[in-house]
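There are two complexes below, and they share chain A, which is joined by chain B in the first and by chain C in the second.
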Partner chain A sequence: MRPKVLWAITLNTFRETLRDKLLYSLVGFAVLVIAASLLAGSVSLGQDARVIQDFSLTAMLVFLLIITYFIGTQLVFKEVERKTIYLVLSKPVSRETFYLGKFLGLCLTILVAGLIMATMFVAVLAIKTHQVPVAAYFAVGAVILEAWLLTAVSLLFSSFTSPLSSAIYTFGVTLIGHGSATIWLLSQKASPVVRGILEGVYYVFPNLEKFNLRNDVVFNLAPDITQVVWILLYFVGYTAFLLILGMSAFRKDEF
Partner chain B sequence: MLVIRNLTKQFYQRNDTVTVVDNLSLHIKKGQVFGLIGPNGAGKTTTVKLVAGLLFPDKGNITIAGQPAGSLEAKRKIGFMNENPQFYYHLKAREVLEFVADLFEIDKKVATKKIDVLLREVGLKDAKEIPVRKFSKGMHQRLAFAVAQINNPSLLLLDEPLDGLDPLGRLDFKQMILKLKSAGATIFFSSHILSDVEEICDEVAILHRGKIILQGAPKALVKSSKQSLEELFVRSIRHEA
Partner chain C sequence: MSSRGGLGTRNWGLDSLRKLTIIWVVVFLGLSFVAQINYDAWRRYSPPKLIGVDYNIYIEPQPLSPPLAKAISFGSTEFLADYYWLTLIQYYGGGTPNGKYRKLAELFNVVTDLSPKFLQAYQTGLIILPGEGFPDQAIQLGEKGKQNLPDSWEMPYYTGLVYHIYKKDFVSAAKEFQIAATKKDAPPITQYFAGIYYKEADQRQLAYQIFKTVHDTTKDDFVRERSGKQLLHMEMIFFLEDAVDKYHQQFSRYPTSPLDLVTKGIIKELPTSPLGISFVIDPQSGQVKDSK
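== the complex of A and B ==
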């Protein structure tokens, strides 16, 4: 995999997604929702910081995931539909480089969108409480990591199904991923067969609650270094696994 | 330069298998302009895509200057222009060429000079800062022709390069192809516009249902059959049908 080629595809994908009007609508709406948390905070009887943090971080996650569902699932599909994929794959570009470039391009878009939302969140928090806990930055980082991981999920699904199906499946993975703890608890009380199935679901699907540091921010608990390293390792390991799976499927595709 | 041996490609549809390219063999020498002609659905585009590495053969093999088609080494040697070329809407003509130059890892300075030359040659010098989404079909074709030459390819693969162009555009394109031919380029192209093929090619092959039914130098074919290439084409296809 050649870095210059990978970077060319990443940058092109980033620029392409920046032209998507949906992205601007979503980022704009997210910024408005985060700004609106000021109002929500002001009617919360002394819990304004807690409400702003919880409200804003949840809004960030939701809007970044919508970007993933709607733009991520279309990335490869649009290339095939518009035949622009011929422009790239007839050149000395491996399928793996193309696939990874599309992933990194959208990750860059999500990072920029996330940073715009985070700037608004920090500004709102600073205006209202005159302090921004360190945990807030970790929580923002974890939200972005979760969106990146789900981008890999959406790209994997979009390599063998339609954008709509891919968006629905990715949404399903999000729901299961955030219900991991519940699935584990249920499995411990179930019959051996159901237990096996639920434990299988628990281990196969990503545990997205690992990226949920929103409560830590609300209670002003900075995550310890072990937790941060574990989150990073989990993200790298699971995302790499998804990308390898996606690349294997994409390698056999014909256009 | 281009060797195709016993190439077969099938497409699978629900309960049916369609053989689009059927045991096809071709040998295109360096400096030769080879035209693959045939009716719609004959397998021309599939053959070109197989050579470009966009499709994988079910049987047989293709080599480009000794390298297997689809390998990065083979792709470095080819310039490919697909039928109805499309580009990223957010890019300008110059940016499309810069992007493709990056894919070939061409040095920035070298690429900039080459891009200027190519844009001038294809008549898009004044349109280089216009986003491609505002381009007409003819301008898309011209840009695609420039893109196909950015790496000074050993083999130029053109799929229906003259399709959909107005008479002026076709004339320009023919002149550009003839210029490359006189410079010694190896060109493999598909078309169903017989007069153009007759004018440009050193050798032609008529493809029907994935098989070559007639092959030779256009002038020799016309002379031996005492028919125009168009008459010969129609007769060959009807005879096979």
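== the complex of A and C ==
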């Protein structure tokens, strides 16, 4: 895997996603929703900061995930459909490099989109409340990490199924990942067999609640260093697992 | 759709539709607006019989049960709490054409279950709920608030007010105020209020002790002055009750007024309360009380 080639595919993927009008409409709509949280805050009996933070962070997450679902699942599919993948793979480019480049390219897109939304969020919060809690920055970072992890999920699914199915499966993984606390609670009350199954689900599916620092922002509870380290390690471990799985599936694909 | 399509030469009026697009957009938007406001009026003011159910159901929120709301929030519990908080404000601010805000307590419950540390929600609930006919639910909310916000003086303080104003349970009110007084940042007057409530509940020795503690420990001048006056006032009550006992020993009956104690030579003169309150004596029990 040559870094230069990887970077070229990453940048190319990034440029390709920038040409997608869907991206602009999603980012535009997210920015609108964040701005609209000012209105919601104004009818909240003095809870402006709280409403702006909760609404904006949730909007950020939702729109970044939509970008992941609808753009991420299309990336490889489009290359195969347009047959441009043959052009790339006929060069000295390994399938792994191509796959990883696609992932990093979309991560870059998500980062840029996330930063645009975060800028709007911080601006709205600063204008209204004249202060931005430190916890908000951590929450924004965690939202972006979650979107990156789900990008790896969507890419994995898109390596062996259609974009629509891939989007649906990724959405399903999102729901399971955020319902992990409920799954754990259920497992503790279930019979031994069901408990084993549910605990398996709990550990195998991504635990997206680890990236949920949004609820702490209203109380300005910034995570401590240990929590941040564990979140990052979990992200690296799980994303690497998904990428390796995805690359191995992509290696065996026949176009 | 072309006017020269397979349907002959008739253009079905679509050419004019195309030319007057803006007008049609405005017309149909206006139509939807009229329909919307009429629908809302029907929903809000139609008599119950017309639609077969208690029509309040159409305008009052239907919050999910807290466990279900938590499950479907998929981690965004604070966001969902905010949604219900805004719903609650709209519901309460919008008025109810059918009497009671039946969903008010339920909404406060779901908001504070989703966001257990949402101080403002507890405070608002403790202020609003009792007045709308939910004093018991307000006390439950206060109990939940005390558990979830153990450092907050506001939770026991506001719960105590509910006991006082809506339940007339002065002992419980006093206990709540005593708890509130132990919290950081509690107003200096909190423990003073506990004394007042014990006094109202006829627990005079307890009230006296609280006023004494407040007087000896507070750093607030106003509170020290008020508690000093309360102490003097209570000492006068104790003094008069001693005199009433002597009167009873001598005459085998209780005096009908404090002045009897002076005219019969038990005391030289009537004490004057620093609170400006005069005293009365219950001729049946001989108890000295404040005149109302």
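What we mean here is this: the second predicted complex is superposed on the first by the 255 of 255 C-alpha atoms of A that agree within 3 Å, B and C clash if a C-alpha of one lies under 4 Å from a C-alpha of the other, contacts with A are read in each partner's own complex, and residues count from 1 in each chain.
Just so it is clear, a contact is a pair of C-beta atoms (placed from the backbone, for glycine too) under 8 Å apart; a residue touches a chain by one contact, two chains touch by 3 or more.
The shown structure was predicted, so the numbers you read here are calculated from the model rather than taken from an experiment.
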First, second, both or neither for A:N212, with chain B first and chain C second: second
Which superposed partner A:Q47 touches (first chain B, second chain C, both, neither): second
Touched partner set for A:H178, first chain B, second chain C, both or neither: second
Touching partner for A:F55 - first (chain B), second (chain C), both, neither: second
Partner chain(s) touched by A:R2 [first = chain B, second = chain C, both, neither]: first
Touching partner for A:V88 - first (chain B), second (chain C), both, neither: first
First (chain B), second (chain C), both or neither touched by A:R15: first
Set intersection of chain A contacts, chain C complex versus chain B complex: none
Chain B to chain A touching residues, read off their complex: 49, 52-56, 72-73, 75-76, 78, 80, 82, 84-91, 96, 99-100, 102-105, 147
Complex contacts: residues of chain A adjacent to chain C: 40, 43-47, 50-51, 54-55, 57-58, 61, 174-175, 178-179, 181-182, 208-209, 212, 214-215, 217-219
Residues of chain A that touch chain B when the two form their complex: 2, 4-5, 7-9, 12, 15-16, 18-19, 82-84, 86-94, 254-255
Residues of chain C that touch chain A when the two form their complex: 70-71, 74-79, 81-82, 85-86, 89-90, 115, 117-118, 120, 124
